[in-house]
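Each of the two complexes below includes chain A, the first together with chain B, the second together with chain C.
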Partner chain A sequence: MKIVVVDDSGVQRKMIINIIRKAGFDNEILEADTGKTAIQIVGMNFKDIGLILCDWNMPVMNGYEFIAGMAKVPQVAGIPIVMVTTEGTEAKIEQAYAVHPNLAGYIIKPFTPDQLRAKIEPILKLAQADTPPAPTPPPPQA
Partner chain B sequence: MELNEQDKDLVRSLKRAIYKTFFIMCKYSIEGEPTVEKKDIIQWMQRYNVVKPVEYLYASVMTFRYGAKKSVYSVDGIIVVYYPEDVADFIFKYINVASEGVDDIVDACGEFCNIIAGGFKVELVEAGYEELDISVPVTFYGEVNELFEYRGDKQLEITYRKEGELFLMTDLAIDPKVLIKKAVGGDKKEEGANK
Partner chain C sequence: MDLKEQLIQALTDSLVETCTSVFSVVPMVEKKDDITPRTAGGGNIVASLGFAGNLEGSLVVVLSDKAACKVVAKMICCDITEVNQDVLDGSGELANILTGGMKMRIAGMNYNVELCIPTVIRSGDPLSIAKLGKTDVVNLSVTSAEFDFDVILSYAVAHPAATAAKSAQSEAKKEDSSNTLLDMINKAGGQAPEK
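And then the complex of A and B:
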C-alpha cells in the first residue's frame, strides 16, 4: 500500500515522510509538488494508494482543486485524504469537507509530529488490515 | 506614526501567529515584545519594492487577496519575513530533515512564512475580520530588489530581538478597505475605520 505526500515545499514533504517513517510505517511513499502531479501519480497507482496527505496552497493546481477532482471520480473517491495545510479557518475546513465529504482528516500547520501520527496511524492500520496479504510463494520442491 | 485600532489588531494577530509558529515548529518560546513601527512603503513604479536590509540573509514574501472579485493582478496585502542567517539555520535545524544546501533552507524559510501568514489570517478571522486568501511564498537569498503588485503606502514593521541581536523582522501591509469587520447577527458589513 502506497502513501502520497502532496506539498509544494520539498522540506515539508521530507518532514512528513520522517514522521511516517518514525511511526514505523515502511510503505512506499510517492511525492508530488502540485495537485496536477498528484493527479498523474494517483492515475498510475490508484489501486495501491492507502493514504494521501495534501497541502492546500500550491502553484499550478492547489489542494482544494485536487480533492474536488478526486471526489468526482468513483475509482479514487474512497482513497483516504488528510489535508495538511495552513488554511485553518472554519470556513476553509467546511469548504474542504463540502467538496470532498469523505475527507479522512484535517491538520492545520504548524503541527507536532504527535498530531500527524495520531491522525494517520488508524487510517494506515485500517488500510493495511484491508489489504489482502501477498500470496505465499509455493514451497521449494525437493 | 501612531497605530490605529486596525493596526493594533494586525500587530496582535501577527504576534500570536509568530509566537505559535516558533513554539510548535522549533519548541522555542519568544520572550519580550517586538518593536513596532508604522512606516512609509518603499515604492517603485507604484509597486511595493522589497529591499532586504543587509543584516538579513533570507526574505520570504507572500501576498493577500480579499475575495475572488479582484483582477488577477490585484493584491490587497503583503507580508515579508526577513531572517538573519543564524535564525534561518535555527529554524532548519528544528525541521529535522537532511539539508541538501541553501535551496533547502530557502524552502524552509518559505514554508515558515507560509505558516506564519496562515496563522495570521486565522487570528484575524478570530478577531472578527473577514477572511483573506494567501498566495504561495516566494523566498530570496542574498540581495533582493524585487517589485510586488501591492500599491498601498503604509506598512507595519515588527522587529524581534534576542539578547540584543536581530532575530526576525516582518513587514506587513494590508489595504484598510479589505479589513472588513464581520457583522454580528446579520449580513450587513462594517468597513474598517481607516478608509
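And then the complex of A and C:
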C-alpha cells in the first residue's frame, strides 16, 4: 500500500516523510510537487494507494483542484486524503469538505509531528489491515 | 486596535506558534521602525510571498545564510552547513507558514486574502529593501537561542471593485482534473479495490 505526498515544497515533503518513517511505516512513498503530477501518479497507481497527504497552494494545479477531481472519479473517491496546508480559515476548510465530503482529515501548518502522526496512524493501520498479505513463497524442496 | 496593530499581533502570534511547534524554540519578537533588515551587509536569503484580497501586499522573510541553514536543518532534522536547494525551498516554506498563520488570524477581522506561491532569492551582496507604492510597512525582528531573522510585511487595503474582479478571475482559472484521471483509469482498465 503506497502513500502519496503532494507539496510543492521539497522540504515540506521531507518533513512529512520523516514523520511517517519515524512512526514506523515503511510503505512506498510517492512524491508530487503539483496537483497535476499527483493526478498522473494516482492514475498510474490508484489500486495501490492507501493515503494521500496534500497541500493546498501549489503552482500549475492546486490541492483544491486536485481533490475536486479525485471526488468526481468513483474509482479513487474512496482513497483517504488528508489536507496538510497553511490554509486554515474556516471558509477554506468548509470549501475543501464541500468539494470532497470524504476527506479523511485537515491539518493546518505549522503542525507538530505528533499532530500529523495522530491523524495518519489510524488511517494507515486500517489500510494495512485491509490489504491482503503477500503470497508466501513455497518452501524449498528438500 | 487599528489595522496595523492587529496585523502586528496576528503576525507575532503566527511567528511564535511556528517557532515553538516547528523549531522547538521560543522566539523574542520585536517591532522595528526601520525596514532595513539586520542581515544587510552579509549573505542573505530573501523569501517573499504575495497575498491579495480585500487586503493586499507581501510578506518578506530575510535570513542570513547561516540562519537559513539552521532553520531548515531544524525542519528536516539533519545537519546543513551550506546553502543548498533545500535551504532556499525551506525559507520559502517558512514565509508560506507565517503568512498562512497571519491569514487565519485576520480572517476573523473580515480580511480575506488569497496566498501566492513563495519566491526565494539569494544575494551575496549587501541588501536593501525599498518601500514601494502606497503601502504601510511593519518590520518584526525575531531573535531566538538558535537563529535570528527579520520579517517585513507591506500591505494596503484593496478597493472592493478590484477585489471582486480578481476573485472572478481566480474562479475562472480553476481546472477540472477529473477528466485526465478518468482517462488514465479507463486505459488501465481496472476498478479500485473495495475500501
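The working rule: the second predicted complex is superposed on the first by the 142 of 142 C-alpha atoms of A that agree within 3 Å, B and C clash if a C-alpha of one lies under 4 Å from a C-alpha of the other, contacts with A are read in each partner's own complex, and residues count from 1 in each chain.
Simple rule for what comes next: a contact is a pair of C-beta atoms (placed from the backbone, for glycine too) under 8 Å apart; a residue touches a chain by one contact, two chains touch by 3 or more.
Please read these numbers as outputs of a predicted model, since none were measured by experiment.
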Subject >> Clash-or-fit label for the pair chain B, chain C on chain A >> reply: clash
Original post:
Of the two partner chains, chain B (first) and chain C (second), which one does A:63 touch, if any: first, second, both, or neither?
Top reply: neither
Original post:
Where does A:35 make contact in the superposed view: on chain B (first), on chain C (second), on both, or on neither?
Top reply: second
Original post:
Touching A:91 in the superposition: chain B (first), chain C (second), both, neither?
Top reply: both
**OP:** Count the residues of chain A touched by chain B and by chain C, then name the partner with the higher count.
**Re:** C
**OP:** Name the contact category of A:15: first (chain B only), second (chain C only), both, or neither.
**Re:** both
Original post:
Which of the two partners, first being chain B and second being chain C, lies in contact with A:112: first, second, both, or neither?
Top reply: both
**OP:** Considering only touches as defined above, state whether A:130 meets chain B (first), chain C (second), both or neither.
**Re:** second
Subject >> chain A positions touched by chain B in one structure and by chain C in the second >> reply: 8-12, 14-15, 18, 57-59, 85-91, 108-112
Original post:
Which positions of chain A touch chain C when the two form their complex?
Top reply: 8-12, 14-15, 18, 35-36, 39-40, 42-44, 46-47, 57-59, 61, 64-66, 68-70, 72-73, 75-76, 78-79, 85-91, 108-112, 130
Original post:
Once bound in the complex, which stretches of chain A touch chain B?
Top reply: 8-12, 14-15, 18, 57-59, 85-92, 108-112
**OP:** Please name which positions on chain C make contact with chain A in the complex.
**Re:** 17-18, 21-22, 72, 75-77, 85-86, 89-90, 92-93, 96-97, 99-101, 103-104, 107, 112, 115-117, 174-178, 180-185, 188, 190-193, 195
Original post:
Within the complex, which stretch of chain B touches chain A?
Top reply: 20-21, 24-25, 92, 95-98, 104, 107-108, 110-111, 114-115, 117-119, 121-122, 125, 131, 134-136
